[in-house]
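Naming follows writing order (A, B and C), and every chain is counted from residue 1.
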Amino acid sequence: MNKALSFINDKRVRDWIYQIAAVAFLVGLTIFFVRNASENMVKAGIASGFGFLWRTSGIEVPFVLTGYTQSDNIFSLFWVGVANTMLVTVIGIVLATLLGFVIGIARLSSHWLTSAIAGAYIEFVRNIPLLFFVLFWYFGVIAALPAPRQSIGLFGVAFLNNRGLTIPLPDSVDNLRWAALIVLASWVAYGLISVWARRRKERTGQDAPLLAIGIGLILVIPALAIAWASLATRWDVPVLRGFNYRGGFAVIPEFVALLAALVTYTAGFIAEIVRGGIESVPKGQTEAAGALGLRPGRILSLVVIPQALRVMMPPLTNQYLNVLKNSSFGAAIAYPDVVSLFMGSALNNTGQAIEIIAMTLAVYLVIGLAVSGLMNWYNARIALVTR
Amino acid sequence: MTIRIFSTAAVLAAGISFAQAQQLAPSPTLDAVKARGNLECGVHLGLPGFSFANDKGEWSGIDVDYCKALAAAIFGDATKVKYTPTSVQQRWPILQSGQVDVLSRNSTITFSRNATLGLNFQGINFYEGQTFLVRKSANVKEAAGLDGASVCVAAGSTEEKNAADWFRERNLKVTITNFQKNDDAIAAYDAGRCDAYTAGVGALAGQRIKLKAPDEHVILTQPISNDPQGPVTRWGDERWQLIVRWVLNGTIAAEALGVTSKNVDEMKANSKSSEVRRLLGAEGGFGKMMGLNDDWMYNAIKQVGNYGESYERTVGMGSPLKLERGQNQLWIKGGLLFTPPFQ
Amino acid sequence: MNRVSSLSLWRERLFGTPFTGFLTLVMAFGIAWVAVPLIRWSLIDATWAGTTRADCAPGGACWVFIRARFGQFMYGLYPVDQRWRVDLAGILFLLGTLSVVFAPQRLRLRLGVAMLVLLPPLGIWLLSGGLSLRYIETREWGGLMLTLFISIYASLIAIPLGILFALGRQSELRVIRLISVVFIEFWRGVPIIAVIFLASLLLPLILPGGIGIDRLARAVIGLGFVIAAYMAEAVRGGLQALPKGQREAATALGLTYWKATGLIILPQALRISLPAMTNEFIALIKNTTLVLVVSILDLLGIAQASLADPNWVGMNMEAYAFSGAIYWLICFALSRWSRHLETLGRRQNH
């Protein structure tokens, strides 16, 4: 009796019991749910399994990056959605960061009105649901742009109207691919040359004509390559016929509206992160750097930003993940992202809710967990440094 | 002593209900509806003429009328219905998971829905044909004239696929933009995002009155599809399916037999037609066969009216939609609307 | 004298150098460009009195629409003669919260627990009925009342769960830690729109046949789980901010894990993480707008639904401006409060 009690009182044994109980509970719950689900589905006569992915989709998508057509299967439709989600997320993150930094720095400006406007913007944006931004931009964008017949032409090759921005598309990408290779090669060459030049300078003190080489390799050669490729390629230039411009590639207003909403909304949050990050660097640091004779620009780039970045990185990464998740708001305005296409159209045509929801969540989890894992690793590293 | 009397009575009662149970297949849905005291009906979020809630939350429309008729047949009281508004996406799961007893939500009958969703369609209460709503200024007379146009549509509807297929088969190019809800699609069309909005003729008539300037838009007359719509139930519970099907048939039969909400009392008392008498429960005991009262259709017609009355009131000439009967005319008058006989 | 000096201060601030003067002018033009049409539309050219759309002057806002629909914006389709119940529930919640906030320190904890136990069931009883109150189904709820209901009840799920998983993530037990990390990262990784959809479609499927869960309850549960993960991260921030010595000292005194946690660790950690938790609550209020994907009509949903009324077409701006302003006021007030807590906490620490 006493022995058994002391056995329970042993902390390690107790810990094991807790853990086994937790696992048993989870496994039990999972089995319970799965059994119910399969029973309910059999009873209701709902089909299951992933076979539906290879059925013809028949769904027309207005914004396709992958070469999908409506006679392809539902799995291809899934990838169209994933690609569209990724596109708006990546561009959204870049633009939101830029706008967020501008507003964050404006918030710290010594000019009172600038700072006040930035502050008002931040307070406005942070306290309104994103859905309002999405709807506002969508109907705002459509209302602001002219009908197809009154399109705004850009150099006679691209056209902007309330059906979107129609841009020329190359008939074949062979030449463009070569041009891209040339551009990449000349940039790499410049990098190698500049490393070599610095080493030589450290050794012999001799300067190399880096500026001339740089202009040549970074600007001139790529420009020539692109010019050659564009001229050698036949372009499908959009022409107004009937209701709208035909040919080319159309950037739809839903994309523009969703992007604008994500950028203006997220920028409000990034601005606060930037402000917090810069303010977190003690004033003494700036003063000390100044006393050492550093110019203001160098103080910012060598002393303030690196330290501020350490504070800013984790919340910034969170915001980037939010952009990814918030891109699903596109479903409200018919932007064909993975939620709208797959969880909307495909789910309705097949009715296979469990499979489709699982796949959709997996998309976000795979991308998100990769970034999140990176962030935790970074977090742990910072924690080591400070202790 | 008293205990024994009670238990004898209980045994007797059990015996009687057993006898009844042997006659009638069990119907868990009907039992649940009766126990709950109201019918749960899945309807459209808001489509004037079909199902629409006014600012007091009162529902009306031809799909809603069906729900009312069903409630009147079950309870003798057409108000014992509760409505669950559903979006295009939600309608099947809500029915499949048992949150509603019946779905009356202008849903098109298709093979794959019937075969893979675990659903049965119980007849047709509206023959819909898909067409387009366009601006008068676009000067389009027929669907083929929409080559190159942008079309707004609700995602996951049959219209989405119909339109894509129809234009592709004719080598015409249209851009189809899919919205999650009908209201989003119509709002985008009204804002100028699309050249056309596509849905069934009836639905378009209902949506048009929501536009800023309804008179500047026209509905193309030539339909591109055949979209029969009607009440939907889950698989299983055959007796419930029977009730759902025959209440719909009853409202159609009533119109064909000339029974209206106004003359139903007189017809029940005096009609010499056996079919009328069977329909209204004066003879035949039809209601009992399904586990309802014999005056099931009498109540439905008395309180809601026959199909024709309902049509005129909700989508026809007595409504803002002003739709002709067209295909929805009775088969004896050259339409497609049909009911098997009450024999 | 004083006025002159403040005037000159402003002149210095806005027009001190040619450059700041230029900047001020540019900004002022920008403000005027946005604000003047907005004020004209919303105030000067607007129509305030009347009963129908015809009473409204073109070009200005038609606030008549908001007046006609005000009841719906606040209560949804909740029966008019029963709306006092919603008001009463709101007042009770407000009084309950205020009494906890302003209670003397030693009573605060006990009072808080009492409120947490009493108020939620009381609120549900008042709103949905039963026990001599008329039963009102959740499908008749809507508008601002529903937005607040979802936010409050979802956080009632989220806060305890969040604390539990935050502790789990800091636990020494490897399996518990793993489970907590998976839970937190899963719910933080998926978009809320998908979770609400998931909850409304899957909950009925994974429960034994015949058990129905109310539509609204499903949305609340779904949101509650997501916010729990975010709350867990907020609480973890507080836990990490505590020196390790706190728990070691508590253990040395012979306190068990749960006693040490409940008496020493959590009270301090929660005070530190309260601002972060408030921010998550703000995010929750904003995210309730997503319930409209499952046709639950919260404030924004009611606003959108009211646009479909053929008698009031073209009221988009009014509906969105009014509902947006309400969201903004609530969230702004809460964010100010959160900031106030933050400065309070900082002052106490120094």
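Just so it is clear, a contact is a pair of C-beta atoms (placed from the backbone, for glycine too) under 8 Å apart; a residue touches a chain by one contact, two chains touch by 3 or more.
Being a predicted model, the structure only gives us computed values, none of them experimental.
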- Chain nearest the overall C-alpha centroid of the shown protein atoms: C
- Considering B-C alongside A-C, which chain pair is linked by more C-beta pairs in contact? A-C
- Give, as an integer number of Å, the spacing between the C-alpha centres of subunit B and subunit A. 45
- Message: Based only on mean CA positions, could you tell me how far subunit A sits from subunit C in angstrom?
- Response: 26
- Rounded to the nearest whole Å, what is the centre-to-centre distance of subunit B and subunit C, using the mean of the C-alpha atoms as each centre? 40
- Message: Two-or-more-chain contact residues of subunit C, please, as numbers and ranges.
- Response: 197, 201, 204-205, 209, 293, 316
- Note on the structure: Multi-chain touching residues of subunit B, meaning two or more other chains, are 89, 93, 97, 180, 187
- Residue numbers in subunit A touching 2 or more other chains? 40, 43, 139, 331, 353
- Task: Provide the residue numbers of subunit C that touch subunit A in the complex, in ascending order.
- Result: 13-14, 20, 23-24, 27-28, 30-31, 172-176, 179, 185-186, 188-194, 197-198, 201-202, 204-209, 282, 285-287, 289-290, 293, 300, 316, 320, 324, 327-328, 331-332, 335
- Message: So in the complex, the part of subunit A that touches subunit C is made up of which residues?
- Response: 15, 18-19, 22-23, 26, 33-34, 36-37, 39-41, 43, 111-114, 117, 123-124, 126-132, 135-136, 139, 321, 325-329, 331, 339, 343, 353-354, 357, 360-361, 364-365, 368-369, 372
- Using the touch rule from the top, collect the residues of subunit B that touch subunit C in their complex. 45-46, 48, 53, 55, 57, 82-87, 89-90, 93, 97-99, 180, 183, 187, 209-212, 320
- Query: What residues of subunit B sit close enough to touch subunit A in their complex?
  - Reply: 88-89, 92-93, 96-97, 112-113, 116-119, 138, 146-150, 152, 155-157, 160-161, 163-165, 168, 173-180, 184-185, 187-188, 191-193, 195, 234-236
- Message: Taking the touch rule as given, give the residues of subunit C at its contact with subunit B in the complex, in rising order.
- Response: 69, 72, 77, 137, 139-140, 197, 200-201, 204-205, 209-210, 212, 215, 293-295, 304-310, 313-314, 316
